[in-house]
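Some structures to go through are shown next.
First chain A sits with chain B, and in the next complex the same chain sits with chain C.
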Partner chain A sequence: MKYSKYLMSVAAVALAGAATAEEMTIVSWGGAYSKSQLKAYHEPYSEKTGITIINDDSSNEAVAKLRAMNEADNVTWDVVDVVASDAIRLCDEGLAMEIDADEVLAPAPDGTPASEDFGDLLVSECFIPQIVYSTTFGYRTDMVGDTPPTDVCAVFDTEAYPGKRALEKRPINNMEWALICDGVGFDEVYDVLATDEGQDRALAKLETIKDDVVWWSAGADTPQLLADGEVVMGSTYNGRLFSVIEEQKQPVAMLWDAQVFDLDGWIIPAGLSEERKQRALDYIYFATDTQRLADQAKYISYGPARASSAPLVGQHAELGIEMAPHMPTDPENAKRTFLYNYEFWADYRDDIDAKFQAWLAQ
Partner chain B sequence: MSDATQQDAPQSNGPVLAADGTPLKQSLARSLRRQKLRALILIAPLLLFVILSFLVPIASMLFRSVENGIVEETLPETVAELASWDATSGELPPEEVYAAFVRDMVVAVDEKTHTRLGSRLNYEETGMSSMFRRSGRAIKKLDPVEDAPFKEKLIDIHDGWGEVKTWATIQTHSGKYTDGYFLNAVDMQRTAEGPEMQPENKRILLTLFGRTLKMSLIITGFCILLSYPVAWLLANLPMRISNLLMILVLLPFWTSLLVRTSAWKVMLQQQGVINDTLVWLGLVADDARLVIINNQIGTIVAMTHILLPFMILPMYSVMQTIQPTYLRAAKSLGATNWTAFWRVYFPQSIPGIGAGSILVFILAIGYYITPEIVGGTKGVFISNRIAYHISSSLNWGLAAALGTILLAVVLILYWAYDKIVGIDNVKLG
Partner chain C sequence: MAKFKDVHIPISMSFTLSLIGLLVAATMLVAGVTTAEDFSEFLLTILGGVGLSVALAYALLSIFGTHVAAMIVSALLFAAAGLAVGSLGGAFFGAIGGVLFARLVFWLHFREYRRGLPPYLTAEQVLWHYGFRFICAAIFIFLITPILVVLPLSFNAENFFTFTPEMLRFDPEGYSLKHYRDFFTNNEWQRSFKNSLIIAPIATIISVSLGTLAAIGLSQSHVPGRRAIMAMLISPMIVPLIISATGMFFFYSSIGNFLEDSLGFNKTFVGYVKVILAHAVLGVPFVIITVTATLVGFDRSLTRAAANMGADPMTTFFRVQMPLILPGVISGGLFAFITSFDEVVVVLFVGSASQKTLPWQMFTGLREQISPTILAVATILVVISIALLTVVELLRRRSERLRGMSPG
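Right, the complex of A and B next:
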């Protein structure tokens, strides 16, 4: 399915190059997330301009594929949806186009320039933020007795909350939570994690629950494990938990404590032809204005990246429930939050991942 | 022709002549050559296709495991200046190196290649990635002539430029070709003092190679045990029933790999079908459900099931050619059922086992998606690590080195198999 789409898009772009067919290929994550983009951005944009948008669900391999396309000198993608850390890497590798936010993005309705409206979320010169999501825990309400967990350290408390836990099969986030629950303050986590002792300390904390962990590698794993009662609690993206809780009505609740904020957004590949570049920029201008970003939140519980979009977030398009309380950025949910440190992980990813995988294999 | 040679042979040692007077050997060679050429032209389209779409990409991917031009291309002057510096002296390189570095970096920042170099060197020394990214912005503002000297300015920009090991890393990895990726692939690393083992807590790849080979052998073994009776039934039952059986073998073969693997998840998990049944039967206590997924058992069960058709089909096609009359003859000569099977039937079915085993084993050691889904942490293979380095860490050099080693291991095993069993003893039908 994925590949046939990919082939179709390659073929389509090849054709588009020959004729002047108005088509563009937009790469995203698939599933409910792509659906929300289809409803909020693609459909209104196609209606307005007549440009056909081809979806390609390749975002999880976007960096590797873009690198390969770049080497082959045949970039077939026009706009790519990636997480912020990947955007930084693409920018580092020279695979994404640098962008001046105020020049190419719409100002807020009250005239605030885009760079202020997005603020700190513009973490790289190539990155146009779209949503704020978080990686956080959900738990089975019927498996935790009378005292539902309120603290992230419940994950490490197998006495009070017996049962398996689902954690992602990579060090990012797990190492941070381990240190926080080992008594390290939020501000010091990355300083501690930069040292060998700190890394050993985090792994030692994880060691205490190693036998009780199911390690996941796909975002859909934890929702499935929770729905089947395989695990009592597990980490995943907050939008996935929203769909388990509100759409599938499973006995699951959110544990927002120490949720890790991360960003997802657009990049435009470097080296597009002038015509395709203009088309991509036009799409970006349209899809990241204040109203569109707020519209996306009607379909999925991720927070819009513009400050000016937040007041416009309304009800879920199908369920009719208020979306604001389900946003990771809602004040009630964001009492204790943690911001993913991109630069730290760009440096330490390889080193800590090797240690983490070696520890897992022991 | 044979008459002529017979007559000529005893008479002289001179060359045997063909009808047109040229030496027979020559004319034979010529006609053979013509035949070969014709054959070659006939297969040329396929050959070209295989070379262009299969061999060339593989070769270029394998070449990445030693290719290391990026350091010298990005920092040509620095590499030249560093050549005369002794990394083991414990002293920082002289000002010339710093000046050359600034000149190189000004060009690199302009072309945005400095961050790429940072990512490359970060594989060797953690922290290089952000050092190059952050320094790039500051160095851009420097003038390579007027702002000299640079040593202190650079150390001001980032402490890392004041550390010997930074320069030692650049010097050690400045060669056009490197064995660094291959060393990394066997849990070693190249330092200024030469290759040495990685620290204990970072060694993972040798374990994974060992595990991949061991588990592939186990899976091949299970496949042989399970497939043999099935193939025998397929070959010996009446056509009507065996056709039905054949469909049962082929149906899962045609089903998507992902669907079959996910189905095993439903079967094997702790709240899954097998555990539920066992608890219901009272064989297993509710609080002591079996852990048969997300570990090696999960990988072995799921992969054995998925690879079974690759064992059954070659076995079946070989068994079909074994005449049932041989068994009857053996029995009529007084053999028991077991002797007849073991001494007459089994030896004839060995080529099928051989073909199936090679097929299953080679498929198994390259398997990726099934171990990823049902393997947990202890049931994953080396290919999962290769995939990680291709798509996540982007360390394609290391992924290529791992792939090369895997390919070499397969070729060695194939060679050993040929020596021990003989490749002529393998039949696909």
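Right, the complex of A and C next:
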């Protein structure tokens, strides 16, 4: 009995200690990406304001969880990092706060208003862009012989490059690559994919390598599979591949051909109390100015979303290598890039998802 | 009495060799399925392996008269083969394989497997005797290997779940303690460790108190509807966790909102309260079941005797009943603790990020970054669990000995 009283008082003290500091919960993707945000945004912000930032690595389920939280009237998140398509969905459902970019975001150092500095990347009223990333392929340099692949269609060429491939377990990007390698031009891909025949054609192309595919669902899977030598090539986010190649020194190289650009950024959940909303806006203003966005690129190879940040991108904070050549937006890497079409996938996603999953189960 | 052991059974070379061939083929069938490219290569590998091992067995049997010499030679041969394939690590495992192989050959050939068995057993009964042990060993191996594999991987010098060539060569370069360092220095891991250490003990205390009282109450025959109450109380154990978790999410959200808005409690504090209560609910069934089981052996006349001698019910409970059912209470408490300490689904729903527990951190870690720090944590947890269970078992034996319940 003595002991339980003692335990209780210890716990009470611990709880009280945890409760005093001002806190905000920021949701992100975990891994190297969260680390880059910690270094570039959270740490300087905590130092400046004294607010403790708590990381929740739940961005993967952000839409579902925000829906549930909203229904239970218990939103515990203050700022959420999501991909652009999720931001569009959350905005449409009224789960994210609408934002006037020029009012809440810092102008560029030369006075250019934020809406011009971000430009086309402001794809939704709720979305505050942060980085441009690409989904692209990496391959094992020791498993491709003397002719390393330079073309995305190497993925479909199991004769020249035998071995398993890692592809994401969803239709997005895979369907596009399949059509490109089936002879469809870049600008016609979405027209073809809008038809039933086009979807079947893409699946038929994927069928040719189905037995050789390892399907991944988390961004960390492909790096692990490549490091294991379990796959000869695999798609994932370019920052993950950068980490495998430059930080972990694995025998892997980038295949930038037909990389697909996408955006990632912040939203603020709708319906926060006035106090929490002001805190979230203050954080956003701080974390998305020109210098901070450029700072993030010191830790991970994703391109800053502001035009004014690009010239400020410098060297990797620990490795000391120039980051510009590792950016998906670098001209050398972006010779052939594919533009992800948000409207198309917003309209067709449910249908094609169902078809793709049925095909997978066959 | 005739000495059956000395009955001489003629030794047949063909029996030993064909059995060895069969065993090697079976082993290679399991291992070879994954490596061979096509069927003919697969068949060739197996035939080659069988031929080689049968020849080796024949040579060992005809050249050597004793186990020891054959074992040394066979170990050396296998080690040399291992060295050629996988250097130092290969040689090490080769040597072990060689010793085992020679032992197996002699064991089969000289009928050592009959030793220690009743001599009247038929061949089928002997086969079943070893088949049964083989199945038991296989079950044990399947249970324990996944845990054992994790231990060396947690000392990996690389950031992946992979046995690197350096590790297999036993090269010190391939090993490192950096994942342990990461666990002890990384804020996220430390915060979640601290949270687990706050949540699990308090939830355990609550569920042990409530569960013990409920079990004692429900063991009285005059309680109306006790079967129904019992079923209700242990339902968290039966209902799929994801369903309990969804229900708890909405239930505790409204409680939390009430505590925050109407009573003005701090958000973080309310978060802890919600998770602790949810985990206590999950722990209660374990306590009820174990305590109920102990109460079956509890002699009710003892409480009447105590009352007869003037003890009030509280005194009776703490001085008479509690010491006797303590083993059940403790093991129920252990189960409740482990339930809370291992739980990931409910805390994902009910908790917010400031209540992130160790399993939650491991779960997101596995999904988002596949870091061997998870394996380091798993190793630490395995060691702690073993230590905890050992201590409890030793204490139990000690108290049994002190009370004279067991000789020894």
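Going forward, the second predicted complex is superposed on the first by the 341 of 362 C-alpha atoms of A that agree within 3 Å, B and C clash if a C-alpha of one lies under 4 Å from a C-alpha of the other, contacts with A are read in each partner's own complex, and residues count from 1 in each chain.
FYI, contacts are C-beta pairs under 8 Å (C-beta built on N, C-alpha and C of every residue); 3 or more make two chains touch, one makes a residue touch a chain.
These numbers come from a predicted model, not from an experiment.
**Student:** Counting only touches as set out at the top, which of chain B and chain C does A:228 meet: first, second, both, neither?
**Tutor:** both
**Student:** Applying the document's definition of touch, where does A:31 land relative to chain B and chain C: first, second, both, or neither?
**Tutor:** Only chain C is touched by A:31; chain B is not.
**Student:** Quick one: classify A:220 as touching chain B (first), chain C (second), both or neither.
**Tutor:** A:220: touches chain C, not chain B.
**Student:** Pick one for A:44: touches chain B only (first), chain C only (second), both, or neither.
**Tutor:** neither
**Student:** So, A:67: does it touch chain B (first), chain C (second), both, or neither?
**Tutor:** In the superposed model, A:67 contacts chain B only, not chain C.
**Student:** In the superposed arrangement, which partner chain does A:55 touch: chain B (first), chain C (second), both, or neither?
**Tutor:** second
**Student:** Which partner does A:113 reach: the first (chain B), the second (chain C), both, or neither?
**Tutor:** neither
**Student:** On chain A, what residues does chain B touch that chain C touches as well?
**Tutor:** The answer is residues 60, 228 of chain A.
**Student:** Quick one: which bits of chain A touch chain C in the complex? Just the residue numbers, please.
**Tutor:** Counting only chain A, the residues touching chain C are 4, 7-8, 11, 14-16, 18-19, 23, 25, 27, 29-32, 34, 54-58, 60, 68, 71-74, 76-77, 218-221, 223-224, 227-228, 248.
**Student:** Under the stated contact criterion, what part of chain C meets chain A in this complex?
**Tutor:** Touch residues, chain C against chain A: 158-162, 188, 194, 198, 201-202, 205, 249-250, 253-254, 256-257, 266-269, 271-272, 352-354, 356, 364-365, 367-370.
**Student:** In the complex, go through chain A and note every residue touching chain B.
**Tutor:** 60-61, 63-64, 67, 89, 91-94, 164, 169, 200, 214-215, 217, 228-230, 343, 346-351, 353-355, 357-361
**Student:** Please output the residues of chain B touching chain A within their complex, sorted ascending.
**Tutor:** 111-113, 115-116, 118-119, 122-123, 126-130, 133, 198, 201-204, 207-208, 269-272, 294, 372, 376-378, 385, 388, 390-395
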